[in-house]
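There are structures below to look over.
Here subunit A shows up in two complexes: once beside subunit B, once beside subunit C.
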Partner chain A sequence: MAHIHLEDGAFSLTWVLVWWLLALVCIGIALWILRSKGHKDTGRITIAAFVTATAFALFQVNIPLFGGVHLNLTPLVGILAGPVLGSLVVLVINILSAAIGHGGWGLVGANVLVNLAEVLVAWAVFRGSHTFIPDLFSRAGIATFAGLFCGNLIMIGIILISGVQGVTQSPGQVLAGLSLIVAVNMGVAVIEAIISGLIVRYIGNARPDLLGEQKQ
Partner chain B sequence: MIAEHIPDLDLITSCAERQDSVFSRASPWTKLILLILIVLTITLTSNLFILSALYALILLCCIAAGLPMKKIIAWYAMPVIFVLSLVGILVWTEPGVPLFTIPLGVFDLTLTDQGVILVVTLLIKALISVTFSLFFLMTTKYAHFSAMVSRLFPSPLDQVFLLAYRFLFLTLAMAASLLKAVRSRGGGLIRSIQVQGRLFAGIFGLVFIRSFERAERVEKAMVARGYNGSLSANTKIPGPGIAGYFLICAGCSAVLLILWISPHAAGWW
Partner chain C sequence: MMGLKERRGLILFFLIAAILLAAAILAFQATGPQGIEERFHSAAGLSPEEEEHAGHGEEGGAALAIEGNPLLYGILLCCLVIGCAALYYHYRI
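== the complex of A and B ==
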């Protein structure tokens, strides 16, 4: 899963504030879009809450593949909830995650930006490839992998720009070290893409309306 | 509970509701401000003495509050793995006194004393943050926590947060019962990637579908009872007492002192 697995104290205060502010701007835009519709859509709020709870609960399930894998399911959140509600979902998931030690409080802003990239790219690829990839499994798998790949790029960018406090390696050395993590992350991304593809196909068979699809 | 190494939200909430220590009676606002000050402190300083003292103090508070320390230490697994997985790669070639070298043919990996200090520093910082976060959650009642969310977050984010926090327990119970059902039929056995992948995708898909269906039912029931997208938590949150204000002032002074002693720590240039 693409996530900045750094805890509090890793980034300097300046970068903590910069990433938090950028994340809040993105969340602010999502809130503005939701509020601009004039009325509160109780159905979408309830579904967003359930998607948040489900994604956070399923993240805790250890899948017995290759010694145990946890999936963060943010691309699936993008596919199911869309980019606007997905933005709110990733913020709440990151706050809940920070509360239990999965990433620091100061890193919530950076993690929200990484997850937002995953949500946006997965949603765009899933919706955009509707006409030329009709198979749900392939479409969701490709969208998930693309989302996680972009999330990883954003993660590397954030760490390279911010630097880790106390680490005196050159950006080239840090990049070499991070490449190893990205390689592992992309390996897990393949597993997540396959499982997300299977989940979306399962949902597509049982409740295609949840995906905005017609029953095949 | 789904995994041993991930904090058990049922246990955390149970502690928060049943606790009657001085910490659970303290104002949630005081604890929240202290959490922010602690995050600021560990962001601003890398002094091992200050960090160790802060960690020891938080551990003492946890013990005094009667929190389950064995569980908390078991929950350290995730942050420790996160720190080691990333910083463990970056500590090599740090300048300092070499402790040992691993020859890799093309280049050598050398671990120095400064590299070890870096890992220890980041580990202690992570543990301080995690321990105080758990302390905050385990000493703050659900009603106060939800009222704080209601006051701090703008609408409809507060609604998503409040409902998600409530639904989380239902979803966790649903996922746990599904996993239990699968395990009781031999689903926990290691089989081919395809079988295992399909099995868990089915479980995840089912949890999502059931969650959506439950969301639709809950929404209809709530709307029938007058829900219009504004669920406000009216619980009165106790404000900080004299001791609370004293702690907040002391914490702010400590952060300002750290910033004054080492302004470069903030990363300003």
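== the complex of A and C ==
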């Protein structure tokens, strides 16, 4: 899904630092919000730990569909852990992924921003469409679509703004190429949306309090 | 019995899913079967020859090439471990 699969050195050092700095600002805000709350929501932290492990594992699984793709589960992270803990989850996942060679170290900042957009948008759509779409499966699925689509847009924006070193193509040609990636990614988003929808519906039936929902 | 409100969500979900799958199949026909990184490289305009040199500052820009360099990789990993330990002790997590 939306994840910049380029090696270290694809972006110039300036842009690597810019994206890292922006990511660290976002993480800093999340930490500040967590600390200003005063109390620790241990239940939510436990969920965040579980989704971190699950999402990291799924990041590394290459699904032989459309030539090879992987799932992110970042929208599910947003729905279950919320945007604040979710931002820390995506940082951990991206650092661990870089440590095993999935995405460059220099691209961790950019990838955190991409995944953070997925977490935030999915969380906002899931919470915001409560009255319009009461059904948990479809609401989580649509939130997943929205989150992943925004993540893909951020990914394109970051690549176009930064530019890839050693590439002679015009920005228009790069945009056309990346648009095809987004189309393929969004096809895989259907699988991710179904998985997320089923998980959220199951949790909603068993423990609706974890989703902040009333038992249906 | 499912109400109209519940069905509205499902209809919307499957409508979006159908559109996205159709777009993905069209895009897949345009690109052909490629791996994740292969597809990314061709989209970004990196040919196999350029991939080997990309990121090594050939256009005069500063680059950060850590992959394939165990020393830099180790240094970065050590910095991260030290940073995490410092944060852990400072905030008594």
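Miscellaneous remarks
Throughout what follows, the second predicted complex is superposed on the first by the 194 of 216 C-alpha atoms of A that agree within 3 Å, B and C clash if a C-alpha of one lies under 4 Å from a C-alpha of the other, contacts with A are read in each partner's own complex, and residues count from 1 in each chain.
FYI, a contact is a pair of C-beta atoms (placed from the backbone, for glycine too) under 8 Å apart; a residue touches a chain by one contact, two chains touch by 3 or more.
Since this is a predicted model, take the numbers as computed values, not measurements.
Put simply, more of the residues of subunit A are touched by B, taking subunit B and subunit C as the two choices.
By the touch criterion defined above, A:Ile181 reaches both subunit B and subunit C. After overlaying the two complexes on the shared chain, residue contacts for A:Thr168 are found with subunit B and with subunit C alike. Contact with subunit C, but none with subunit B, is seen for A:Ser138 once the two complexes are overlaid on the shared chain. Contact with subunit B, but none with subunit C, is seen for A:Thr54 once the two complexes are overlaid on the shared chain. Of the two partner chains, subunit B and subunit C are each touched by A:Leu13. Across the two superposed structures, the residue set of subunit A contacted by subunit B and also by subunit C is 5-14, 16, 62, 95, 99, 101, 104-106, 164-169, 173-174, 177-178, 180-181, 197. Remark: subunit B residues 2-3, 6-7, 9, 35-36, 39-40, 42-44, 46, 75-76, 78-79, 81-83, 85-87, 89-95, 118, 121-122, 125-126, 128-130, 133-134, 136-137, 154-157, 159-168, 170-172, 174-175, 179, 188, 190, 193, 196-198, 200-209, 211-212, 214-216, 218-219, 222-223, 227-230, 265-268 touch subunit A in the complex. By the touch rule above, subunit A contacts subunit C in their complex via residues 4-14, 16, 62, 66-70, 95, 99, 101, 104-106, 132-135, 137-139, 141-142, 145, 159, 164-169, 173-174, 177-178, 180-181, 183-190, 193, 197. Remark: subunit C residues 5-6, 8-10, 12-13, 16-17, 20-21, 23-28, 30-46, 50-51, 53-59, 61-67, 73, 76-77, 80 touch subunit A in the complex.
Within the complex formed with subunit B, the residues of subunit A that make contact are 5-16, 27, 31, 34-35, 39-43, 45-54, 56-58, 60-65, 73, 76, 80, 88-89, 91-92, 95-96, 98-106, 164-169, 173-174, 177-178, 180-181, 191, 194-195, 197-203, 206-207, 210.
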